[in-house]
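Have a look at this one.
Chain naming follows the written order as A, B, C and D, and within any one chain the residues start at number 1.
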Amino acid sequence: MIDVQNQMDHRNIRVDKVGVKDIRYPLTVMDKNNGAQHTVACINMYVNLPREFKGTHMSRFIEILNEFHGNLDIREVSMILEEMQSKLQAESAHLEISFPYFIKKLSPITATAGLMEYGCRVAACRDQNDDCDLVLEVNVPITTVCPCSKEISIHGAHNQRGMVRLAVRFKRFMWIEDLVQLVEYCASCEVYSVLKRPDEKYVTERAYENPKFVEDVVRDVAKALKKDANVLWFKVDVENFESIHNHSAYACIERHK
Amino acid sequence: MIDVQNQMDHRNIRVDKVGVKDIRYPLTVMDKNNGAQHTVACINMYVNLPREFKGTHMSRFIEILNEFHGNLDIREVSMILEEMQSKLQAESAHLEISFPYFIKKLSPITATAGLMEYGCRVAACRDQNDDCDLVLEVNVPITTVCPCSKEISIHGAHNQRGMVRLAVRFKRFMWIEDLVQLVEYCASCEVYSVLKRPDEKYVTERAYENPKFVEDVVRDVAKALKKDANVLWFKVDVENFESIHNHSAYACIERHK
Amino acid sequence: MIDVQNQMDHRNIRVDKVGVKDIRYPLTVMDKNNGAQHTVACINMYVNLPREFKGTHMSRFIEILNEFHGNLDIREVSMILEEMQSKLQAESAHLEISFPYFIKKLSPITATAGLMEYGCRVAACRDQNDDCDLVLEVNVPITTVCPCSKEISIHGAHNQRGMVRLAVRFKRFMWIEDLVQLVEYCASCEVYSVLKRPDEKYVTERAYENPKFVEDVVRDVAKALKKDANVLWFKVDVENFESIHNHSAYACIERHK
Amino acid sequence: MIDVQNQMDHRNIRVDKVGVKDIRYPLTVMDKNNGAQHTVACINMYVNLPREFKGTHMSRFIEILNEFHGNLDIREVSMILEEMQSKLQAESAHLEISFPYFIKKLSPITATAGLMEYGCRVAACRDQNDDCDLVLEVNVPITTVCPCSKEISIHGAHNQRGMVRLAVRFKRFMWIEDLVQLVEYCASCEVYSVLKRPDEKYVTERAYENPKFVEDVVRDVAKALKKDANVLWFKVDVENFESIHNHSAYACIERHK
């Protein structure tokens, strides 16, 4: 059977990335408290394609994925990338994995247990020098109370859910749990899945006493990350789903260290 | 050229709806204050298919759409449906049109003008007796302040953006503007696109003094609609994007009158 | 602490549904071949609210969810609904659970194993007479080749991915696996996650020899379900993401038996 | 009334971007054939925030937007950015505008007129040296026939809708219409909104005779752009919604010239 993909290409143009996108796949992820956790991922896998070849072999990406049986150990991502480079005879390989991750949290007063979901993403690539670059991203919902609204109003203050997206490059492995905690600490108040009335009272008062603009949240996250010598690079942005508008407030800080 | 669609079908099964879905189309909609307004719609068009025919003729739907040049006068929807019945030799015809609609609103204190977007939808069908059924839907963003949170807390109260979806069947034509106003009146406070500081003070205080659960909002909308003899049926639901949780609070009331 | 929700309401309007929406939750689902499978769900939980009460108690929904530890045995859904009725003193309870479900499939010629994802949904409610209604829905991607395009063209025929959504009510428990198989059998050809070249040849030729309109697919699914005495009701629709248009072709059949 | 935003900030961290996101707004865009066209946009507006200020003034963004009355002339985007820098006392300003754009196309044989929608995006920023950077993006749906499937199969070939996203930086103004045409020329065949049977025959045969991988499409687009001296930079990617899989095939080329 003819291998069309393997034919010569005469356009003399290399393709930066070629591969498969939006593959849904069950995944087991490392869990700081429980060893491992089951989730479901959306995966992209790409390699470069040299100028001389007509096409890549798409089915090999899925075969490589199947070899790893859906185990995602961040410390072994480099092995998957290496396998991609080797099986697809490529110089560079890219792997992007997005998945919901759950952390058990106790409500602040009654200590009622609940599961919070945090959208996570690992984006890794490996180049022709076998250097591996890895970015870990967490998406953390928070509450923000508007400092301006509080200051100028007789009582009350508008507040809303916000979403903080934090991406980091690091030296030594970092836990999702630790990044989430760092972000939640910078909010007007954390968000919970179960709140009984004494918890709701606490959350309301704590947030009101701790008003923050999107600018405050990104700066506080940035301040904490600048102190952490293990972090080489970070990008943090916050989107506030404003309760008084039908659009969002947004702020972003990115730093190489 | 053979007309495969026109061939006999021997399975003896009528198809309830067949047609085209998710057509994007520029649209001119009637505007209470300005006569007409330009927008962009997403359109579905279906007819029934009798048991004896193999298929419908998909291109005719788009041709009918083009005949009407993107003018949406709710009072003429019946004509489009009739054209669908006729051109596709069908007993019943269905038309669904979703579009963003803009209303100019002044902020409450400084009277700064801004444009608010409301997602709208018209769903109409015409049956073999030429009876026409039409549902008009508006999606209205609002602010809600939690009555429980306010009551139990020393200061502050959690609040958030909510989205009210109201669908109605009516006797005489109703303006989108009037449905939007009815809903906004039932919120803790309206949502605006521009708020200067005196406006933000007003909105914060008004919402705080007027706390509402999702249950309160749907009941207040229902109460207002029950009084309106022009409304034959309604369904109203509210989704609160809770600021203290990462999930929504929801309530729904549907009534035939 | 005051229980605002428990206060009397004087508007005299019952709320049809009130509760929590879009809760993300890890779930274990029954698997025909492997006993159980881990996935991640999106969950809605509602009850009715009698006219005399101001509000429901939202935190109890999550507590009930936590009691069941994320185990979804369709035969026990009624117990969750009963717990909702009891804990929230409600007459009716509604539970909606959406989740991706994975089935291992071998490619047709080389028998290469791959995982296919099918979006599933369980929607159940229990009324004041303790009657329980349950709908199971599967979303099955397929290939369709256009019979008209094949017939009128010298060579080739346009084809595309389609999505079949099948919802059923049944007497005795039905496996997701069996519903998926029934639908895939009605396509021009099944869709796979890994196809080597001999598989791709088979899939291309099989689909070309078996052209189907959206009308054909819904009719063939309907025909198969009409023969199954265990099925009490079904609704099947197909959306074809047309390769020659930027909109979809659509067909739908719903039958009570 | 206190201006909280204007207060000193002591964290000593500048914010890269702060502003408003996801504003829906009616827009008039330049149209090559008709002078102007009405559409509806989704808009983001950001500025930088120096280390010494606590916050930006969000309402001013919307006021600037209102000043321009929804007219988008790409050659005047720089004026909006300048106004943002000035009104918000910022060094840099960012504007992102996404909108559906419609082009009338005749079907290839019967010359039946139809409207095709192309998602477009303008992303512009202006820095402290008043240098302005502008990227124009078009999203073009196409048909692709798989060369491998055609080659190895007795008859037929799998094909599908693909989406090409092309972003360019240029010297002199470029029309959306010209970018769209360039991309459509590189597909197995163009996509249309209305096709009568003779058109469908043409489209089917033309696509079958012109098979292309995602790799071929990005290379052909890249080849055409490399020849155009007016283009300074481009990024083109193609996503094929594979008809034989439930995931996409993807390819991407980015070049500075």
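By our rule, contacts are C-beta pairs under 8 Å (C-beta built on N, C-alpha and C of every residue); 3 or more make two chains touch, one makes a residue touch a chain.
Going by UniProt, the chains are A, B, C, D = GTP cyclohydrolase FolE2.
If you're wondering where the values come from, they're calculated on a predicted model, not measured in any experiment.
Participant: What chain lies farthest away from chain C once each centre is taken as the mean of the Cα atoms?
Facilitator: Computed centres place D farthest from chain C.
Participant: State, to the nearest whole Å, the distance from the C-alpha centre of chain A to the C-alpha centre of chain C.
Facilitator: Those two chain centres are 28 Å apart.
Participant: Report, in whole Å, the distance between the mean C-alpha point of chain A and the mean C-alpha point of chain D.
Facilitator: 25
Participant: How many angstrom lie between the CA centroids of chain A and chain B, rounded to a whole number?
Facilitator: Result: the chain centres lie 35 Å from each other.
Participant: Chain D: which residues touch two or more other chains?
Facilitator: If we look for residues of chain D contacting two or more partner chains, we find 1, 23-24, 117, 148, 152, 193, 195, 197, 201, 246-247.
Participant: Which word fits the touch map of the chains here: line, ring, star, complete or other?
Facilitator: complete
Participant: For a test of understanding, state which residues of chain D touch chain A in their complex under the given definition.
Facilitator: Those residues of chain D that touch chain A are 1-2, 4-5, 9, 11, 13-24, 44, 46, 49, 54-56, 58, 147-148, 151-152, 213-216, 218-220, 222-223, 226, 237, 239, 246-254.
Participant: Show me the residue ranges of chain C that touch chain A in the complex, using the header's touch definition.
Facilitator: Residue list for chain C touching chain A: 1, 3, 23-26, 37-40, 59, 62-63, 66, 100, 102, 112-115, 117, 193-198, 201.
Participant: Can you list the residues on chain C that touch chain D in the complex?
Facilitator: Going through chain C, the ones touching chain D are 116-117, 141, 143, 145-146, 148-150, 152-161, 189, 191-193, 195, 197, 200-201, 203-205, 207-208, 241-247.
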